[in-house]
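What follows is chain A paired twice: with chain B in the first complex and chain C in the second.
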Partner chain A sequence: MSTEETWHATPDVLAAYAAGSLGRTSAASVDAHLLVCASCRAAIVPLAPRDRLARNLAMIHTRIDAPTVSWAERLLRRASIPERITRMLFVTPSARAAWLVAIVGAMAAAILAGDLSHGSERAMFAFLVGAPLVPLGVVSTTFATHSDPARELVVASPTPAFELLLVRAVAVLGPATILTLVASLVVPGHDGDTVLWLLPSLGLAAATLALGSWLPVRAVSWVLGGAWVMGALVSARGAAHGEVIERYAAFRPTGQAALVVVTALAGFVVVLRRDAFDLVDSRRPS
Partner chain B sequence: MIDVSDRSDEDLLAAIVDRDRGAFDDLYDRHGPWLTVRLSHRCPDLDVVDQAIQDTFMAVWTKPGAYRGSGAVAAWLWGIAVRRLIDQLRRRPAVSYRATREGLVLSAEDEVLVGIGHGELAAALDRLAPELIAVVQATVLDGLTTREAARLLQIPSGTVKSRMSRARLQLREALA
Partner chain C sequence: MISGTTVELAEVTKRYGSTPAVDGITLAFGRGVTGLLGPNGAGKTTLLRIIATVLAPDTGAVRVLGEDPGRVEGRLSIRRRLGYFPQEPGYYANLTAFAFVDYLAILKEMTDRRARHDDVTRVLTQVGLDDVMHKRIKSLSGGMRRRVILAQALLGQPELLVLDEPASGLDPEQRLRFRETVSAVAEHHTVLLSTHQTDDVSALCQRVVVMDRGRVLHDGAPDELVDHARGHVWVAERADSTAQVSWRTSSGQYRLIGDPPPGAELVPPALEDAYLLLLGLRAADADVAVPTRGR
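Coming up: the complex of A and B.
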């Protein structure tokens, strides 16, 4: 193809080619010629549609400068989740990353502790009590908007604040729950017990949100989380070997059933009182 | 600022690999016009052509390393552009870059065809039936594979092959 061209398209032919008025077969030979002839390519520049070329370049620049959409966000959008929701999920990646790092670290510590104690019952108990504190912390931080790096966005958003906060809480809780679930399956021993933390997690988070519609979320989360841990400590105190876990009411079948009820009730309250979270926003000290 | 004409296409692409926006704009100024004109001949909807042009240069910006240095940059660009146009027309996932060079490998016979003068080729092509011209255009001139040409022309691959052999026969006779 690098053969030296012996002829060049005449200005008339090029003008007709650019205007689209050249016959089909003549146009085909210009097509072929342009591929190998830089001077005829250059000669066509002033004949090409200048406005469209400029507009296309501007569009290309815009696309180059546009923020790259992560594969995870594209996946969610393909699942027909509206863009305003996906944007909210991914608007503060650093905050989310910090959370995930913290959670993974906590889980690693729990697994390590379990390993060091050879899968002992007390290590398992510590894991089961500790795991529900993770979602509690997430809910507390997300809904206590003064610590939210995207607070100004939340306040200025036309989306109801409650929906916004819920979406952002779910964005952290989703991966966190999956990670914790994975961790709980890796923790040695006590096969049936490893998922007992799941219902307390839901119950604590939901109850915090429900009460948080009247009271400051952060205070509520401290009180409930504290009560949960205190209850565990009291229950474990003096427990005979082999029944540390079973002694804590929350881990017994009746306790787990009660937690289902608590979660459902709290969820009901939260939905009923969702407007309160908008009030929390507008009442915030300026 | 270095003048556009001072840098070869290959140099511009190498600079684009290093995220040089000026080199990218130079490459666009040099190749955008003829690509736009040529694509416009293939598709009457100018919005579709504009979209294909944008996609083409986005591909150049995101993967300038896809140019392996074999063959002319212009031919490489055309290979991308015509496939982006097909994508736009068919609303299908992008054809892989790898097909680009393979599609542009011309047989010795085709090279003769492309190398011959303007008047001769035009006269030879003129004698072909319109459906044969379309196949020659898609495969020989546009560098599409049989399958891509079939998709573009919306005919079976076998038909592309049989029309192409008929066209070769007739062209050989006309140019002999």
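Coming up: the complex of A and C.
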């Protein structure tokens, strides 16, 4: 095998090349030769296995056509998260908005936790009241009817809309909750108080989803979130030093126990009513 | 012609508050293209949403592709065999056309990436977007965006295609290509097409259902609807206040629909004339606004 003018690849070499059994170095040499030798290109055509060429072409098309993905999505795929899940997480604007809510919320919680290291009881109270609003915001952003512009197309697909929304919510809530939890655990001098926000978070998020199976999720989240904050403000007004946290019923042992019950009941309702998320809003005409 | 039943509706009602959007409708659809005609608010979109399983009726029985959409398993089975073009589809504008259709293919449980990409390429090519499939949707024209939605509806070669005003915003060439695509699907499957374009119905549909205020006014072949207008369409040099609808045509003459005066120059009616007459007669009876064109 040599230049086009004087040498050609032998039939045996071309056959081995076409079959893919030629060594890498020799194959590279044949690659280069075929580029300049029309005679050998013509000779290899009948030898080329059409099935393998079609597969190669399809693979090239797959690579070329594959949508470009963000570094975060690539990272998840390398961690063996299925493409189906990663696309659900990264495609829609509502998923990105939920991430934004979670990141801003977790950062605010971390900053507040920094202030708590100075031992301020009111800052601690603000942290405990504010932290549950992060998951509430995530649930609201993820599940709200109008947060997904292609919602009707998504609902009409065989993938249950509830599963899709839950995947997104959990993917955002998980890291956000861990971040907030870490931020609260590093606060010195408040004993176990720093994790009192966890049950209100679960209760508010679960209650929002449960009621959201009948009513618009965003409206429910605003009402519940507003009631939660208003209750805290009323409770804190005029509270003596050292009693601010204890005065809010949600942070007392009975309140925490009640929140466990609320979360469990709401979770039960959500499971029973999950099909409600599988339809478009039936309360209004298009 | 239509054969075999794909969709069955029995006394289906859907209300928004006290207003009936669909009012006790009983219909059955089979293979071929059925056009749904009607003014805004006639209930076409609500009816198609019920058939597409994204909306539940208040009362009545629905069976689609042999399944009950009220049951979870039935709904899933239908959605696996359904192509749906909603009236207001919505997009992820930052995605390319390919990525958007590919995402919806993932939701349609097409898990094999290579086969999925082949199908995405096929449907985008079928609607004439092969040259721009890797452009972001926000950079595409309105007509192209609607073709992206049509492409996703064709994924997986659905047995039932539900199209709610898919041809709005398409230019004449795109509309011809759309007709070609839809008629090819309808050779073996069922296509339900909601439209305001009577020429699309004339060109595509073996059957037309005219709706108004949640009820069916006419159900039959387009020619049957046209037949109802024979003897009710005439031309004249001037407008006639006794006509239900009239407009000046490009020839300078007036085209009038209604009860013609003696000696009127009757002309063969078009589907649009029959549609306007049907709505106009009903409107006169019910004392509601008569649709007009350049009156």
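Everything below uses one rule, namely that the second predicted complex is superposed on the first by the 155 of 286 C-alpha atoms of A that agree within 3 Å, B and C clash if a C-alpha of one lies under 4 Å from a C-alpha of the other, contacts with A are read in each partner's own complex, and residues count from 1 in each chain.
To be clear about the criterion, a residue touches a chain if its C-beta (ideal position, glycine included) is under 8 Å from a C-beta of that chain, and two chains touch if they have at least 3 such contacts.
Since the model is a prediction, treat every value here as computed from it, not as a measurement.
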Which of chain B and chain C A:P253 touches, first, second, both or neither: neither
First, second, both or neither for A:D275, with chain B first and chain C second: second
Touching partner for A:V36 - first (chain B), second (chain C), both, neither: first
First, second, both or neither for A:R24, with chain B first and chain C second: first
Contacts of A:N56 with chain B and chain C, given as first, second, both or neither: first
Common interface positions of chain A, toward chain B and toward chain C: 59
Complex contacts: residues of chain A adjacent to chain B: 1-3, 6-7, 9, 13, 17-18, 20, 23-36, 38, 41-42, 44-45, 47-49, 52-53, 55-57, 59-60, 63-64
Chain A residues touching chain C - in the complex, by the definition given at the top: 58-59, 61-62, 65-68, 83-84, 87-88, 91-93, 148-160, 164, 275, 278-280, 282-286
Contact footprint of chain A on chain B as seen in their complex: 21, 25, 28-34, 36-38, 40-41, 46, 50, 53-54, 57-58, 61, 71-72, 74-75, 78, 106, 111, 113-115, 117-118, 121-123, 125-126, 133, 136-137, 141-142
Residue numbers on chain C that touch chain A, as the complex places them: 14, 16, 21, 41, 45-46, 49, 52-56, 72, 75-76, 79-80, 82, 84, 86-92, 94-96, 98-100, 102-104, 106-109, 111, 113-114, 117-118, 120-121, 134, 149, 152
